[in-house]
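First subunit A sits with subunit B, and in the next complex the same chain sits with subunit C.
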Partner chain A sequence: MALLQTRNLSVTFSTADGPVHAVNDISFNLCRGEILAIVGESGSGKSQTAFAIMGLLARNAHAAGSVRFGGKEILGLHETSMARIRASDIAMIFQNPMTSLNPYKRISSQMTEVLRLHQGLSRREARFQCIEMLKSVNLADAEIRFEQFPHECSGGMRQRIMIAMSLLCRPRILIADEPTTALDVTIQSQIVELLKTIRQVYGTTILLITHDLGLVAGCSDRVMVMYGGRVMETGPTEEIFAAPVHPYTATLLEAVPRLDREVSELPSIPGNPPNMLGPIPEGCPFSPRCQVGDQTCFTRIPEVSRSGQRSWACLKRDKGTGHETVAGN
Partner chain B sequence: MKPLLEIENLKVDFTLPGQGFWPWSAPRVLTALDGVSFRLKERESLGIVGESGSGKTTLARSIVGTVRPTSGKVYWRGKDLATESRQSRSAIRGDMTMVFQNPLAALDPRMTVGRIIGEPLQTHHPDLSSSEVARRVGTMMERVGLLPNLVNRYPHEFSGGQCQRVGIARALILKPKLVICDEPVAALDVSVRAQVVNLLRGLKNEFGLSLIIITHDLSLVKHIADRTCVMYLGHLVEVAPSSRLIHKPLHPYSRALISSVPVPDPVVERQRPRPLLEGEIPSPISIPPGCVFESRCPRSIHRCASHPPGMREISADHGVACHNPLDADLDKGA
Partner chain C sequence: MASYIIRRILIGIPTILALVVFSYLLIVVAPGSPFAGERPLPPDVLANIEARYGLDRPLAEQIASYVWRIVMDFDFGPSFAYQDRTVTDIVLQGFPVTLTYGFLAFLVSVLVGVTLGIVAAIRKNTWLDYLAVGISIGAQALPNFVMAPILVLVFTLWLGVLPGGGWQGGQLPYLVMPVIALSTSFMASIARITRSSMLEVLNADFILTARAMGLGFGRIIFSHALKPAMLPVVSYLGPTFVGMITGSVVIDMYFSTGGIGQFFVNAAINRDYPLIMGITILTGCLTVTFNLVVDVLYAWIDPRIRY
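Presenting the complex of A and B:
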């Protein structure tokens, strides 16, 4: 059974300009021990999905649907019970390691606080475990860094500290929201290797949220592609990259500049990402930019088609053709 | 032919307040750029890549003149910018413009898009009539892919990609010779990124521009730059034609940088050998005496710790600053 089941999750923000439908009716499973990547551009709803799971949505947001963790409904759970889940079961690391550490507190007090509060450890025990954890995320000079303030560490070190901190209570799920976006490429590949090691050593299930398709290719088992608050396509990483079914996935993969491929002109997707303000579009959110779609795409929301481990939501790629595309490769 | 732009031994220091309690403790010096030299030909596009803290942006700023170099020279068509008169410098500034990283932050939120794009025209050509300015703004907007009827909108009404188009239009309205783009697409989404890259390439050919593209993204450089400089801790470590640099890098840092770029293909990505670079970029406040990359270099030899390597021409157009460069042919033999 899936460790985390999300069914028909929707997130709506009420703003002064009207409701913003950030996430519309998405469903997915997160299985034990896998790395699932949620890929999407800004505004596709990938981060809000994570916040909804964590119960960390902004005050003006409303989440509907169902999120089950180990068979238990956790959406709309009372704050104290949610805090307990965040403490021990689902941890999250954020995009910018600068803003997610408290600048006024030493690393030591921020880290030991977690263990002392949630596991009731003594100061000395907590300190010992924290330093061990810092060493296991390959932080150089862990003892020295432990006594420093966040501003004394570089971005990559801070991200390692964040990861170490999130692993302290041995969570079963780690949600990593753009963990490498703020880092340089050489540091980025170090962090990716670290995430893979963590999965192996602790058996942590990882939900990786990113816009970077290269990152996804390197470390995830399955991919879920989001656009305009909806899931476009889900499937095993190799299959999605080898034979994308949804037109959005296909054009997105084409549009990424690659070091190993020679092209004279980058294929680009015309138009701009959708504005999420206003009523939910009646059709597929990608229809205004789609090269394949026609009038019906603007008026009907595509149902999810499935074939094996893959699923997609596109009117122009129904079950039959989708099958062919998959089988053809 | 004289190069359009020539940088000679450029050095930029920033003075930081001294560390410690006493106000008279010696100030510290942060060396942002040291010994940077290169030439840019007309109609050439040059990529500058490096990690954060490598001095890319400081280089751009010292070219356009918002940072005063500590030593070294910037020549524009053979004229030393530092000794030129105020007026002639201001004229030259009209010939080199900049496109910034964060499009929304670079545009004044209280000005309409039309005024933002037209402002440089009014500054440099105050004699132009307002109808002429409006006409040129309209043509330029159309050229960069913005509908001219959006001229009275404000920046917040645009998406990131459109704002970057506004920034590009503003940079091009004076018909400059050189456009310096500081991370032009880093803040944009993947699907929009390709549009802006293609736009820049098209404009370069149409207007006969020279481009300096500052980026941390090597795959971008490959698509847009003829030649690429790799920077590390304020030093140029390698200069080569872009495709040669990517396929046959000579400096160990260039190779590490290239192999760190993830490829969006699971099959390639999982098989690729990846010499992970250990550690992080050192502090620019106390730069080591020898090669700047020595502390992280997998190929460092005895000399590296004490003698800074100078830039050597390995072949025409390909320079590297390393005592022990990678040599593709030698490696095969060994």
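Presenting the complex of A and C:
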């Protein structure tokens, strides 16, 4: 059974201009020990999906559907029960390490606080475990850094500290929301390597949220592509990169610069990302920009088609429409 | 840090000196004389009095000798209006009074204001928030010269539980109304500053991190949000504190507390130059000191601030 099951999850924000449907009816499984990457452009609903799982949505947001962790429903759980799950079962790290640590408190005080709260450790024991964890995320001079304030560390160090802090209680799931976006390229690859090591050493299941396809290719086992608050396509990373089924995935991959292919101009997807304000569109959210679709795409939400480990939601890519990797399954 | 504090104290000295020169000039330039009465004095009598107090000498010399006497003998001169009393005397009599009710009013306004602000912020857009905001707007609309008569009307005239004025060495019944009247509007400002800065802090990324780490609401407020939320409050409190402990004319007049605020106004009316100068210097020194205290507090609250 999957460690985390999400069924028909929707997130709606009530705003002064009307409801914003950030996430519409998405379902996916997170399996024990895997790294699942959710990719999508800004506003595709990937971060809100993570916040909904953590119960950290903004006050004006409402989540519907089901999120089960280890078979237990956790969506809509009371704040105090949810607080017990956070960090000890499901932990989360964020996009900007420069702002996600409290600048007014020493790293030592922020880290030990978590351990003392969830595991009731003594100050001394907590301190010992924190330093051990800082060492295991390869933070140089862990003992010195431990006593410093966040502003005395670089961005990469702070993201390591965030990761160490999130792992203190050995959570089964780590949700990493764009963990490398705010870092420079060399540090990015170090953090990706660190995430892979963590999975190996602690067996942590990782939900990686990113818009960086290179990052996805480098470390995830499976990919879930989101657009306009819906899941477009899900499948093993290698297969999706080799042969995308959904037209959105295909155009998205074409827009990525590659070293092994020479193009004079990098293609972009025509049109604009969808406006999430107002009623939920009746058709596929990608239909206004899709090169493959026709009128029917505007009026019908595509069913999810499955083949092996892959699934996709597109009217024009039904099962057995002749796509190489899908055919014959 | 120590060197910074020493440097700031050294900078404070010319600041106070400039204050002395400017206020002295202002008083002297202002029309009127300490010895102008209903009936003008005969010119030779006036000249005699002015000579006695050194007012016949050139202005620069007057200022220089005034400063000299303060530095050498800590002598702020005699009062012109209160016969046979020195400025030091009057300040020593009045300042403890204002210090007492001012400090108490400061404590009350900080405790109540900060609490109201925090409650309003963490219960944003609920009836508690509206109540707290309502109270602080109401309090803001009640400056001390409105509060004082209302309090006297209610507690002295109607209920008859508190004395309408006097000091009696600062006994509790005599303290209640001055403290409430003085603290109300400050309390309101502190509540509003606390609420808005708390709301801003609660939106910070590191608060989200704290929630993601499973910290409870109370712990997030007190362990993570309170300190940064106090930064704008602290910068407001420095000058406010000085304003409160150097007294309020309204309070002193209305409750006959005999504080320094009353002396200050009387001194200005009487052109009692030495007394005006003495109280101005006191206020100036306190302002310089508490601005420094605020800056030190800032560095203590926010470790990124280093001098």
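As a convention for this text, the second predicted complex is superposed on the first by the 319 of 329 C-alpha atoms of A that agree within 3 Å, B and C clash if a C-alpha of one lies under 4 Å from a C-alpha of the other, contacts with A are read in each partner's own complex, and residues count from 1 in each chain.
Everything that follows uses one rule, which is that contacts are C-beta pairs under 8 Å (C-beta built on N, C-alpha and C of every residue); 3 or more make two chains touch, one makes a residue touch a chain.
Bear in mind that the values here come from a model prediction, so they are computed numbers and not experimental data.
By the touch criterion stated above, A:L213 is placed in contact with subunit B alone, subunit C being left untouched. In the overlay built on the shared chain, the residue A:E193 is in contact with subunit B alone; subunit C does not reach it.
In the superposed pair of complexes, A:L252 makes contact with subunit B only, with no contact to subunit C.
In the superposition on chain A, contact of A:M54 is made with subunit C only, not with subunit B. Using the contact criterion defined above for the overlaid structures, shared-chain residue A:E265 touches subunit B, although it does not reach subunit C. For subunit A, the partner that touches more of its residues is B, with subunit B and subunit C as the two candidates. In the superposed model, A:I85 makes contact with subunit C only, not with subunit B.
Once chain A of one complex is fitted onto chain A of the other, the partner contacts of A:E113 are limited to subunit C, with no touch recorded for subunit B. The touching residues of subunit A, counted against subunit B in their complex, run 41-42, 140, 154-157, 184-190, 192-193, 211-218, 237-238, 241-242, 251-253, 255-260, 263, 265-270, 272-273, 275, 289.
Remark: subunit A residues 54, 56, 79-80, 83-88, 91-94, 96, 99-105, 113-114, 117-118, 149, 151, 162, 165-166 touch subunit C in the complex. Residues of subunit B touching subunit A in their complex: 51-52, 159-162, 189-195, 197-198, 201, 216-220, 222-223, 246, 256-258, 260-270, 274, 276-277, 279-281.
Put simply, subunit C touches subunit A in their complex at residues 204-206, 208-217, 219, 223-224, 227-228, 301-304.
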